[in-house]
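Starting off with a structure, shown below.
By written order: A, B, C and D. Residues from 1 in each chain.
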Amino acid sequence: MSPLLQVSAVTKRFGGLTAVNAVTFDVAEGEILSVIGPNGAGKSTLFKLISSFLRTTSGQVLFKGERISDLAPHKVAQKGIVRTFQETTIFKNMTVRDNIIVSHHLRSNASLAGYFLGTAAAKSDEAEFGRSADEILGFLGLDEIGGELASNLPQGHLRALGIAIGLATNPSVLLLDEPFAGMNHDETMRTVDLVRGVRQRGITVLLVEHDMPAVMKISDRIVVLNFGEKIAEGTPQQIQNNEKVIEAYLGSEDDAIGI
Amino acid sequence: MSRSKQIIGVAAFLFGVFVLVPLMIKLTGRWDFYYTLTSVALLSIASAGVWLTFYIGRINIGQGAYALVGGYVSAILVVKYGVSFWLTIPLAGLICGCLSILIGLPILRLKGVYFAMVTLVLTEVAKLTALALPITNGAKGISSIPLPGAISIFGLTIIPDFSQLASTKLAFYYLAVTLMVLSYAGLYRLVHSRIGHLCRSLQQNEELASSIGVNISYLRVIAYSVSSFLGGIAGAVFAAISQSIYPSSFQVADSINFMLNCFLGGLGYVFGPMLGTLVLYFGWDLLFTTGKFQLLIYSSLLIALMLALPNGILSLRLFNRKKAEP
Amino acid sequence: MKRRNLLKSMMLAATASTVIGFSSLSALAANETLKIGFVGVTSGPAAAWGISNVRSMQARAEWINEIGGVKIGAKTYNVDIVTFDDQKDPKRAIAGMEKMAQEGIHYVVGPNVDDGAAAVRPVAEQNGIMYFPYAFPKSLYKAPASNAVLGMVANYQSGPAIYKYLKDTKGVKKVAFVAANESDPLSQRDGGVAAAKALGLEVVSGNITYQVDTTDFTPVITPIIRLQPDLLVLSGVAPANAPQLIRSARELGYQGLISTETAQDATVLKEGAGELANGFISVGGASTPEIASDAMKEFVTRYTKMFGEYNDESNTKVYALEYILETLKANPAAMSDVKAFQKTMDTFEAPNPYMKGDAKLKYVGMTSFGQKRQVAVPLVVNVYKDGKFDTLFVAAVD
Amino acid sequence: MEQIIANGLYLGSQYALIALGLTLIFALMNVLNFAHGQMYVLGGFVTYTVYAQLGLPFIVGLLASATTLAVVGALIEKFLFRPVIRKSHREESTMLLAAGIAFFLDAVILLVFGEKQRGVPKIVNGVLNWDFRIIMPYDRILICVLTIFFIAAFIGYMQYSKTGRAMRALAQDKVAAQLMGVNVARYSMIGFALGAMLAGLVGGLLVSITGVNLGMGGPTSIKAFMMVMIGGAGVISGAIAGGLILGMLESVGLSVLSQYGDITYLLIFVSLIIFLAIRPQGLMGKPWG
């Protein structure tokens, strides 16, 4: 069986600077794969390349064998690869529930004209989206705050809302951008459970992260980047014992592996 | 707000503009208000378009360009090709809509002040083009445009020939107000349907919108072309009222006014541009008795209003209860 | 329905304010009031045009009222000038005309530009308003148009006269035109080019334009100077632009003549171009020291006293009001009936108070429009010299 | 050719100085100051009054323009923009305020200074004529030199003074600047005053060449917007580049395209739109939004 998502020799240069250099790895259906690396290792760039928010310089990303790099971001989302953002990127002036409802866009059956005219398809869409939004709110434990304006939410809830927005699109692969950043231990553990729950919904998860303990706990496999290149790939155990990885992390000042 | 209350509101509004206003004018004898209100209605249609572009997060200072194009399309079709005026209203709108797709595709990628400035330049471009083209009759403009003719179906006259009317004031008032009601009903529907929801997602975060699969450039162009459609029909009717169109019939000042109407009424409210237009246009008209101090008083009031209600008149509590953020 | 309430209250307020305005004015004098309207531009970039209108009307009206009003038929009236600023927007101009109709006014001076004059035509004709625009399109004055009366001399009338004079006396052969890229100046340029060609002059440049907001005219003028015309015509030039254009041309070494068919302001020329403007030919304010009567001199004095500074253009612009009042005197039935006014126009003749000798006020325009839809004001062609205008020649239209 | 470049340089330098003030205000407060042109006109009238009416030296007129406008700018920022920015949901709302101020200044200028075109006596007489390759009056050369001097002074001020550095920090990142202890309110006010002062200064300088009239405000604002867009909004080097480019564009365009007459400006505008469509952030700007 071919892997769900293939990252194949993906390279990105900004002027003379190579941010990501010929990175190759596969993501299998149903797994949780994490991309880690010290600051400036090219994680975020890789993340944007996969979701096609940046154009690759060379190499390509394949989804079910089909090239998705350099497509418009919304096309990539249509194919089922959906990214989340860090906490501030939400629809601030909408309620939490509306944030989720609007994110059901990919599940629409009716056309824009249909929505304008209020056709049967549009009505059933809207009813369905409402139901689904409530389900997602329940799944993430956000029922209580569905009516709150998103801009009024505390940080922890914002992160969950980001995931909720991603879930609403009904993706095959969900790309999570540093889901544990800035969280304390309890919050991290809750989010770890949440991500596992996402996987249980049949969604493959690819996450980019800093927080080592959480990554070790949650990932099936881990890809490690340093200076834009892949230096290791394997299960959490394999990574923990990989000398190159240890060296890379010791070399950088602010990150230390483990606790 | 309950549905029945809403219906009563709409009915009262329709009664107001179609029956009460003409009645009041008859009673007070202020016939000049017909034209003032006709202008308000037409300008508020164009402003509604600008408001829609605000709604997708773009500051549009180019509506004058489309109003001008609409006016010319109608005038040229009527004068040179003998097309019925009534047909030219939708045609003017459609041609503006199509034109705006061509123009919008590249420029809608711009954001913030950059988009605003490009649209501002667009108004100037429209004027210069009208001056340069032979079909628009260049600097001489098109004048002596015939009044709208009659429409009849199966021998039944639905709309009388305007040139046979003793006064076209009332006729144009009804025409303008009808178009306004239709435009705002359409806009209201649009904003309160899922499309409005999607538009707001663009307004708030285009990146996120595209990450959830919204084709942002498509939606932007659609919204912009609806906006330009509205500009076009307003321009077409103005050309018919003044029976003339010149390159300077809609200029940068108009484009800016359309934008100001939206700000003044409130960007968060569908009916904001309507109220904004009423206040700005009527305000100027009412102040005409103040002679040379007119502009001074007008601008002072504008500044004061802005200081008191920076989020538009409709942000007043009084209105807020009725029309909460859609 | 708050909006409707708002509308209602606004309408109420409007009615109230007009009523108050009306009563306060009529309380001033025992005479009845004759309202004459003005719709034109008195703010913004083109404010100068409308303001010279309004001020000349106001100065004249105050003078009339001071000496007891104007006697029309059996009654004596005080003249009240009702002004509306259209901001040079044709849509507003229509509103202004509607306001005039509402005030029961049948005689309006303005608008100042082509598009406004064309836009108000339907309203004026429907409401029985005679209006006196300062706009040149012939369609405004030719039948079936009936209610517009050109308030000055059109460029297609003054242009040929000037070119012919310059051709005959100064040997001008090559002419170049430059105009602002706006409706009125462009139309005037096209008229000028046609007139020059008709006279057998060679038009060496006829399509160079500039934006009205240009701050440096050197690049505009440079290509024209290379063609070495004998006469440079600044078509429809705004008083603000004239000195800069003249200055640029002269500083680039241009030696030929410069002229325009619009009225200019001597002070503006003096301040803006100094002695470089010497020799600049323009159409003057319908008056010169040689032809000005005592009435004209008094008018200038009163105007200057009232507003602090005189504007040469007002010599022309005082005429429209005079024509309206004199025609009404000749046929009092015209007070509320413009048809009667139009009938009187064909035969109307009265002494011209502003000119020495036996000059007459009468309507002209048969040659240009096929009907008498123009006020006869003397066509005075001036040449600028050291801060004032000298008369080159005086002519009459038709 | 030399003539075209000389004209372009002359035009470009004055445009650049106008654009600098606008871009400074934009960079600091995200306000598109529609009233910038009116401030320029006000500056022109102040110099006119001081120099032509009162007969004081030209330089006194310039100083008077600069101070008047600085005061006006500071007052406008403190009492108008600041409260509106604080209270409004969308920062674009300041556009309505700016437009209102533009109308207001127009009205005041009309009432105080009248509707007529005003000019002042030439500050220097004579014309430089270099073999008919460059013809340029001395007063233009003087104004051009003064303009370039003021641009240089402004850049120096922004680079080396404490205030200038604080304003640059503020323009770059408001939040970071605030954290570093920059008093945002104070420097916004200084910045607005400085921007208005520049407008007044150009007005004062140019009144000696082009004169001044009430109608110049709106078009000047629009031209300044265009320059700022070309160069990139909120960037000082961008404003200078934009001003010079527009100056050159006008000078070259009018010479090259003169036989096409009416469409010169149409072409300039259309190419501007195309340029911005291709390069949305202008030459040197950072993408906005």
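Everything that follows uses one rule, which is that contacts are C-beta pairs under 8 Å (C-beta built on N, C-alpha and C of every residue); 3 or more make two chains touch, one makes a residue touch a chain.
Keep in mind it's a predicted model, so treat the numbers as computed, not measured.
Trainee: Kindly list the shared contact partners of subunit B and subunit C, in label order.
Mentor: Shared contacts of subunit B and subunit C: D.
Trainee: Looking only at C-beta pairs that count as contacts, which pair of chains has more of them, B-D or A-B?
Mentor: The greater number of contacts lies at B-D.
Trainee: With centres defined by CA atoms only, which chain is the most remote from subunit A?
Mentor: Using the mean of the C-alpha atoms as each chain's centre, the farthest one from subunit A is C.
Trainee: What is the distance in Å between the mean C-alpha positions of subunit B and subunit D?
Mentor: Computed from C-alpha means, the inter-chain centre distance equals 32 Å.
Trainee: Between subunit A and subunit B, what's the gap in Å when you average each chain's C-alpha atoms?
Mentor: Centre-to-centre distance between subunit A and subunit B: 43 Å.
Trainee: How many angstrom lie between the CA centroids of subunit C and subunit D, rounded to a whole number?
Mentor: 34
Trainee: Between subunit A and subunit D, what's the gap in Å when you average each chain's C-alpha atoms?
Mentor: Computed value for the inter-centroid distance: 47 Å.
Trainee: Which positions in subunit A are in touch with at least two other chains?
Mentor: Residues of subunit A touching two or more partner chains: there are none.
Trainee: Residues touching two or more other chains, restricted to subunit C: which are they?
Mentor: Correct list: 42-43, 181, 186.
Trainee: Touching at least two other chains at once: which residues of subunit D meet that condition?
Mentor: In subunit D, residues 106-107, 110, 218, 222, 262, 265 touch at least two other chains, as defined above.
Trainee: Name the touching chain pairs, please: which are they?
Mentor: Taking the chains two at a time, the touching pairs are A-B, B-C, B-D, C-D.
Trainee: Note which residues of subunit A are touching subunit B in the complex, please.
Mentor: 51, 53, 72-74, 77-78, 82-85, 89-94, 98, 101-103, 105-106, 108, 112, 115-116, 118, 122, 125-126, 165-166, 168-169
Trainee: Over in the complex, which subunit D residues touch subunit C? Could you list them?
Mentor: Where subunit D meets subunit C, its residues are 3-4, 7, 10-11, 14, 52, 106-107, 110, 114-122, 127, 129, 132, 135, 137, 206, 209-211, 213-216, 218-220, 222-223, 250-251, 254-255, 258-262, 264-265.
Trainee: Note which residues of subunit D are touching subunit B in the complex, please.
Mentor: Touching subunit B from subunit D are residues 26, 32, 34, 80, 83-84, 87-90, 92-93, 95-97, 99-101, 103-104, 106-108, 110-111, 218, 222, 225-226, 228-229, 233, 262-263, 265-266, 269-270, 272-274, 276-278, 280-282, 287-289.
Trainee: Using the touch definition from the top, list the residues of subunit C that touch subunit B in their complex.
Mentor: Residues in contact with subunit B: 1-4, 6-8, 10-11, 13-15, 17-18, 21, 42-43, 83-85, 87-92, 94-96, 98-99, 101-102, 113-115, 118-123, 126, 137, 139-140, 145, 181-187, 190.
Trainee: Residue numbers of subunit B touching subunit A in their complex, please.
Mentor: These residues of subunit B touch subunit A: 189-190, 193-195, 197-198, 200-201, 204-205, 207-208, 210-217, 219, 222, 325.
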